[in-house]
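Once you scroll down, you'll see the structures, which are given as structure tokens.
The following pair of complexes shares a single chain, chain A, combined with chain B in the former and chain C in the latter.
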Partner chain A sequence: MEINLSDDEKLFLIAGVEADIRNDGRSCQDFRTIVLERGVLSGTNGSCRVQLGQTTDILTGIKLELESYDSATEKEAKQPMQFHVDFSANASSQFAGKGGDQYGEEISAAFQVAYSRSLDIMSNLSKTHLAEGYRWKINVDVSVLQWAGSIPDAISLAVIGALSDLEIPEVEVAPDDGGKVSIVLKRPRIGGNVRDEEVPVQMWRLDVQSCPLLLTISKIGTANLVDCSPEEECCIRSQLLIGIAKSVSTPGNDTYQTTCIKQLGGGLLEMESIENMIEMAQKTSIGLYEALAKRLKAEEKRKPGHSFLL
Partner chain B sequence: MPTIRSNLNIPLTHLSRIEDDQMEAIEMDKRSATTFRPLCVKCGVFGAQDGSGYAEFGNTRVLAQIIGPDGDGKWEEDHAKITVTLKGLENEKQIAEYRAELMSSASSVIFINKYPGKVIEIEVTVLSDDGGVLSAALSAVTLALAHSGIEHMGLTASVHVGMRANEDYITDPSTSESADTLGGVTFAFVPNLSQTTCVSLYGRIPIEATKSLLEFAKQRAIAIVPVLHKAIVNSIKEKQ
Partner chain C sequence: MSIISEHGFRLDGRRPAQIRNVNTRLGLNRNAEGSSYLEHGNTKVLCAVYGPYEGKASKRLEDRCAIVCQYSTTTFSGLERKNRPRGDRKSTEMSRLLEKAFESVILTESFPRSQIDIFCEVIQGDGSNLAACVNATSLALADAGIPMKGIASAATCGIVEGNPIVDLTSREETDLLPRVTLATICGRDEVVLVELHNRLHIDHLSVVMEAAKATCADVYECLAVVAQQHLKACAPILGN
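Take a look at the complex of A and B:
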């Protein structure tokens, strides 16, 4: 899908957003309808699908991997999440062949930056570190199935959704000979005539309420916008990718931290605009965190294996 | 066969790594929060390319070359195509990240409409990485652009600034110096327009402190402008 707007159409759109009325009736700080479903892929440890404005469609799957590393060379604990973003050629013809590779790499690099301090931000992520030399590696794979603007925003919601869906097995670490350890899955003891293998493994979940959000704030004319449609993306003068994390160290008194700011896609910005855009990102993130928490609480679990595709 | 020495020569001893503590001893007792590491910038390094620039901040050394504007036989749009390749970094994620920033920054200053159907290739080689690669690369690219004569809006001054927990700043930290920082920002702006071309913030900065961090970075970027000017003036003198 390629959008070609004439100059007059662009002028109409720009004048509109400057008056805080967008072509689809939203104001500058409104998101389109967000659909979030979890547990959509049976082959993953956690998955989530996010649809934004009925067209942008993102599928995120997380796979766990028990990773051994050299504790001598790696002194500082490394953040266990690895992101990979893949653009499907079905999303837009511009992603056909290798078209989406570079953009995908850039977005996954931005997520890597936004989550680089997640060990300090997310309260129980450090539990993925099992023993000296062993940890869970969290591979987050994102597929963009349909493209209609605001890809980073949709991906960040899908990533948080999938992380909240992720079930990590509890393990027992026992010292082994040669200074090594053996890692065994933990199963609750229930009496009776049940074989050990039939007892389900205990699982735990990540606390996602302070997961970083990655928002795009775009400058069109003199207005700042969130969640741009493809038509609006044609008129963008410059864009900031802002990562914001909520820290919940003091209940009821949330503080916010910026984990990433990137100026992407060319274009110049005044200092003052940058400040306004960060402010806007913070305001937006408050609402988005709230909506997300509500949805994650209320959403009913799907039967595993019954995906939205059926 | 006669050999002609190029006008650039860096003694091999100078390329060897200088330890952080030793470097401070050479320069002054202790680097204050606002001073840069010893730096060297050069506009025009080689003659063979259309433009080249070199930037060195402490042990971070980056070389930028520009090839073009040239037609490649395929590109036929009414504006120039800018490509950026980045070499010399091991981490592929980092390459993708920096390439995006360099691309965005370069394309925002070059008048691409003046070169229809042309391709401008920017090749950045990181010779050694000791923190602040992106800012050094942005400086090298802006010098290479000035050397190439491609029309652009103006010089880009860039700086890498780190922030520690108690809200004190550190200008141009090396890898070891940035170990205890909360985060930092690479900031680039065009002084004659007073507009930014690159903001790349990482770590976890309290949102209230973001504004003052950017403001501090801007002040430090202004401080580096005369150095860049001097490098360009020198290159013109050499030409004459």
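Take a look at the complex of A and C:
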């Protein structure tokens, strides 16, 4: 989707933003309506769909893989998540063919950076390490189905939603011949003559309450904005992608850490504005974390066979 | 496990000539001229149509419009994770097949020197992906109001021990059984696409084609109802 704004339209928009009134009636630190649904794809281990302002539409699916690695060459434990962002041509014809690859790779790289210390941040992620040389690999694949601004923000919400929906099977690790191990799915023991295959495998979930959120803070005129619409994105001077992670080590007294800062697009920024933008990201993330936690708690489990886009 | 049980049921409980549930929704995508979402059981496809617009000069045709299709699957759509959503040999082949099929469905002479883009995204693949894409594209084109000879409908059919089975799931597609994807216009005898996988005995060909044609007609009934309902829902906007 291409947006062409005249100079006067841009001036109107910039003047409005500087007076803290946006074209759709929001103030600078307001998000559009967010819709989050989990468990939308039965073919994945965890999935989530996020809609932002009714148009930006993100679908995330997670597939688990049992990965073997060489423990001799790998000194420090690697975090198990792999991010891949794909821009579907459905979102805009400019993403057809290889059109969206560059932007997709840029965002995947930012997520890889933001989640690079996730073993320290997320309390039970280290459980994905099963035995010497074996671990679960978590493939987080994101598909951008519709595009109307603030893609990284929506993706970060969808990733957290999908991670919270992810069910990882419990396994039993037993030593085997030749220093190897055998990994078997763990099933709870049930008496009677129920066959082993008919008992569902035990599952566990990740603790997502301190997963990093990625927010784009944009500089338009002298104002800082969150969640830009496509029209506003035409007027951006400079944009920062800021990753904020909540640390829950001290209950009731949450602190927020910055896990990633990245400038998107071009533009110049003063040191002072960068500080202001980070401060704004932190302030916004408090509200967003709260809303997200509430939604994840309140959302009902989706009925099997129920389709999500209908 | 045999494809058809001794009582005549398939693995998911269907009869051999029974299609899966078809669910659709039109006009989801606000950026596109026309869009559709279509489900055949667990196969879920999104399709968007952009155009007709003045496209690239390299693709421009003087007497008719150029049709550009792109078939892609999300990396998590199948049983195993894929590394690339598009660009591999199989999806390029699918794109070309769709392109050729819809070049003969759309009245391309009405839009000389223009281009129509058709993008199909398989969100979840559970067999008959190409057929689902054809059906989704037909609906998206209808939603975009692009003149066509008729609504194209498609179905994938296979044959087990001389008996045809229709609308295959991915479990049924993994077996080495011959399968034919057929697309017709308005469920009539106008074939726009036919594709065969694996080897098929010549005696079975007419049986499979007959079954596929009948299924296309069935699917067409579903699509026609959806298109008509959508048109009725849009009537207040159109003003009559």
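Descriptive notes on the structure:
Definition applied: the second predicted complex is superposed on the first by the 307 of 310 C-alpha atoms of A that agree within 3 Å, B and C clash if a C-alpha of one lies under 4 Å from a C-alpha of the other, contacts with A are read in each partner's own complex, and residues count from 1 in each chain.
Following the convention adopted for this analysis, a contact is a pair of C-beta atoms (placed from the backbone, for glycine too) under 8 Å apart; a residue touches a chain by one contact, two chains touch by 3 or more.
The structure presented is a predicted model; accordingly, all values stated were derived computationally and were not measured.
If you put the two complexes together on chain A, you find that chain B and chain C both fit without a clash.
The superposed model places chain B and chain C at 110 degrees from each other around the C-alpha centre of chain A, with the value given to the nearest 10. Of the two partner chains placed around the shared chain by superposition, chain C is the only one that A:Gly97 touches, whereas chain B remains out of contact. Contacts of A:Tyr256 after superposition: chain B is touched, whereas chain C is not reached. In the overlay built on the shared chain, the residue A:Trp136 is in contact with neither chain B nor chain C. Of the two partner chains, chain C is the only one touched by A:Gln146; chain B is not. In the overlay built on the shared chain, the residue A:Tyr115 is in contact with neither chain B nor chain C.
Of the two partner chains placed around the shared chain by superposition, chain B is the only one that A:Leu240 touches, whereas chain C remains out of contact. In the superposition on chain A, A:Ser88 makes contact with chain C only, not with chain B. Shared-chain residue A:Ser42: touches chain C; no touch with chain B.
Closest approach of chain B to chain C, taken over C-alpha atoms in the A-based superposition, is 12 Å.
Comparing the two complexes, no residue of chain A contacts chain B in one case and chain C in the other.
Of all the residues in chain C, the ones that touch chain A in their complex are 23, 25, 28-32, 35, 37, 39, 42, 44, 46-48, 50, 68, 70, 72, 74-79, 81, 85-87, 117, 119, 121, 123-126.
In the complex of the two chains, the chain A residues touching chain B come out as 102, 105-106, 108-110, 112-113, 116-117, 120-121, 238, 240, 244-245, 255-271, 274-275, 278, 282.
Taken together, the chain A residues at the contact with chain C in this complex read 1, 41-44, 47, 54-55, 59, 61-63, 65, 84, 86, 88-93, 96-98, 139, 141, 143, 145-148, 307, 309-310. Listed in rising order, the residues of chain B touching chain A in the complex are 92-94, 96-97, 99-101, 103-105, 107-109, 153, 183, 185, 190, 193-207, 210-211, 214-215, 218.
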